[in-house]
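Shared between the two complexes below is subunit A, which pairs with subunit B and subunit C, respectively.
The block that comes next holds the complex of A and B.
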């Protein structure tokens, strides 16, 4: 595989973007930062499938396409199925020798939002992971159905206000815990599973390259702050991601072959979760005195998860 | 009523959908294919934007400049070419060639201000100005270097 250099940003910036501007994602959206970074990680030909979501509707506004690679969209849930089919066809045609250039390296990538990954497309994703196709699935996790007006998904964390889990006199927002998709995917026996964030561009690029290189189904969950639904200024996208990784709301780690866990980023000063919650409008109600217990609960969950990750890394399980 | 509707459509130069060319279910085109490039599209990864033969379907040929209220202005004298703005620009609008930052693609920039936030120089080499501010005036009003405050 033709890897491009990620030694430093200057060398990384010599890559030619294959994701064009004038898509209609909101200003400051992290989706396109993640997509651009993936496409700059390699010089190989890419075949990309997208689930329905912000990324799909914004990059394929008829009659325009923002993709300089092969890109396919079918339905809300079936990017993993579509990319499995494309990968199987490529393999078969390579064997038969009917490809125009059989030697050209091709990588298969599927993108999905958290709605289509955690909820609606879960069965399709699980099936593709089980069949063991050689592809990389990247979940752009913005913790709600942002494309349709910010409904709750199973990726929404406790206490967040969404349009279908509203905060008010009788409720503090969503009451259920976020689904641990990374562990679920690791349990499928996937050779490479990781959780990454766009503010640490080098760790993210390394993770992407590892996933593209690894044969077999790889899964990457990336944090994608949504300025519209998380309610912060578009310019703060990277700042919010910094807070997310430094408060360990989104710990960055990888799991190799389902058992070897490595933590990819250890913050020097672990911040209190209040800093992260206070920066966003969707958690505003948690700072009322009657909701103090929710913040304590979130902090406790974070501490427990971080302790578990560290134990797993030490014990290599 | 129908006539009135048709007349209005004629006036605006738009046409009723369907009409004479209604097609059966079996004749409907299944999906649609848009080509990003005219002719040969191999080896795109090694071609710079100016060397590529974009087709009219590629959103590179479109613009979202009207989304902007404020625009970022680039001051090449202060820039250290760290490329932070390039890696985090969500709209592929930072023009970087041969490890150097050259400027901003104002056709694709939406004015989100992420580049200004991540700029590490003192004073910042990217700052937000009003969309109607002249570039020369903006550069002339660039702030001085801030001294570190002693505690």
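The block that comes next holds the complex of A and C.
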């Protein structure tokens, strides 16, 4: 199914049922939207590996599974290694002629949350990217260890409250800047990396298709708002994502072959970051007078990053 | 098609080379590995086969042993033949994934060249890594020389991939003493080897898209227990299939293997039971003891998991005093091997005396004289009718004698 044939969101969201709805993700969780989009944007056979995390624990609780395709979970950190092994096996069996259908196209995809991608599984991901396996890694970035109840990760932004980087009388929450995983992956020499968001579903599907069609290791970071830990109403997931992309807290862009950066979404009206922060409970302490400087810092970081992305796009670097 | 690698009827191979040749002959589809002393040459040799077209499979050089076993799991779930090799710290790093491989019932073959575990750092051979894997749900074979490292590696594929078993298998050999000592090895011809191992017939193949499979699901208190019980049953039931594979291997090679090997045990009153290269030393010591009039014998464990309790009991039936030799730091208990043998003999009619000798840690040699001392102590026990020493003693250790625990039996 080519992306050009998609007329509307309804058609797109109902045309494929390889990811069954009967999972136990929180109502309002963006993970399932992102996963469905990935599985809807190709008709090829899929082998999927998942790191331990919200997606994994909510979609394969014996005797049930949401995955109507080949799926494997080993541990917290090693989905990239599992998919490396499966991809290598496909090559070997294709060469030896031991596959049931050797001609059918197969795509290899690994999913991880930000905990497994940025932190505990960072080495496994880096190894698989360096080896150049033909696969796509998708990070479902909800900026915290949501599956274990909302602890900090290296994807948690400055100022956010988490259970292990708490806001209190002596703290404004997390002190460190979010790790720039997209640049790190681009620096591996990956042919395609991108940062995408589920509110811009057409751009996201296009990015997924590009990654699947590109030979070699591709990486996509997706923002996945977490109503449970970010503290907003489940009905507001897409609205929060709109604020994330329109404040440029979460800019959408791609980097091809490590040196061709394209911005994928330019908000008509760039909103102030207060609009995004104010919509979530995890940032509510920032609106106390003593934390005003943190909001200013976050805004400055956004402005600097956006300027950098535009300079890179213009300079084609 | 792979370039033909010619093998002679008799080769001079070390244990590492023997293991890598078995991987080549078995036509492994994916070898994912990370090198570590002393098993590094297995991976390097295989790399040379890849570079020169002697194998058709994929060779995935990953960034750690944890990733190596993880990639093996992904590859095995994708329906082909998978093998790797490791030692010591690398094995320790793999441990998380060893449990996952066996829990998913994947027939992966792992060559383990045994080496001590740090700290202190040590690259020499002891069995600390092997015992670390004892509860991981893998079948564990023990090879005592290069020939056996080759033979048992071929048998390992056939056992692991049997549909009644579907469990991963480790083949252990002693670091350096076996892995780096060149010996005469009589390999099967390439044709006979692949004919013996056979073609893998995958179960729950991730690359068969007509029947999607989910690997690595979660189970809590409602189902976890049943899964683990079923896995344990498969492991216990694998004993008869291992026997069948060994019998079939004898037909093609003339070499006979048993899960428990006995040497000079027909009339033995005292014996050493051991694993690894020490078995051959103990056999020499036993023969010398017989010249002194001591009816000494040796029992060796070929298959440490599933543990052959009944066969051990049978082999030790007429023995009065038994020395169980553990080449691993016991960590506040009797040695792991001692506990298995003691459990087996506790349920025997004869209830012999069972003693524990900790020896050879970090590659410390055990001499024929050390082993003869052990036999003499068993003779003294047999004559006295009780254990005359501490139940657990350290052999060939510097400084004053070290031993623990007295017997209550007189």
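The rule we apply is simple: the second predicted complex is superposed on the first by the 304 of 317 C-alpha atoms of A that agree within 3 Å, B and C clash if a C-alpha of one lies under 4 Å from a C-alpha of the other, contacts with A are read in each partner's own complex, and residues count from 1 in each chain.
Everything that follows uses one rule, which is that a residue touches a chain if its C-beta (ideal position, glycine included) is under 8 Å from a C-beta of that chain, and two chains touch if they have at least 3 such contacts.
What you see is a predicted model; the values in this text were computed from it and never measured.
In the superposition on chain A, contact is made by A:20 with subunit B only, not with subunit C. Of the two partner chains, subunit C is the only one touched by A:127; subunit B is not.
With both structures placed on the common chain, the touch criterion links A:65 to subunit B and to subunit C.
By the touch criterion stated above, A:269 is placed in contact with neither subunit B nor subunit C.
By the touch criterion defined above, A:92 reaches subunit C but does not reach subunit B. When the two structures are aligned on the shared chain, A:49 is found in touch with subunit C, with no touch to subunit B. In the overlay built on the shared chain, the residue A:169 is in contact with neither subunit B nor subunit C. Contacts of A:198 after superposition: subunit B is touched, whereas subunit C is not reached.
Comparing the two interfaces of subunit A, the one with subunit B and the one with subunit C have residues 45, 60-63, 65, 67-69, 101 in common. Looking at the complex, you find that subunit A touches subunit B at residues 9-25, 27-33, 36-37, 42-45, 59-69, 101, 198, 201, 233-239.
Touching subunit A in their complex are the following residues of subunit B: 32, 34, 36-37, 41-42, 44-49, 52, 56-64, 67, 81-84, 86-93, 96, 98-99, 105, 107-114, 116-118.
Residue ranges on subunit A touching subunit C, taken from their complex, read 45, 47, 49, 56-57, 60-63, 65, 67-75, 77-78, 81-86, 88-93, 95-96, 98-101, 104, 106, 123-124, 126-127, 130-131. Subunit C contributes residues 29-30, 32, 56-58, 60-64, 66-68, 70-80, 82, 96-97, 100, 205-210, 212-220, 223, 227 to its touches with subunit A in the complex.
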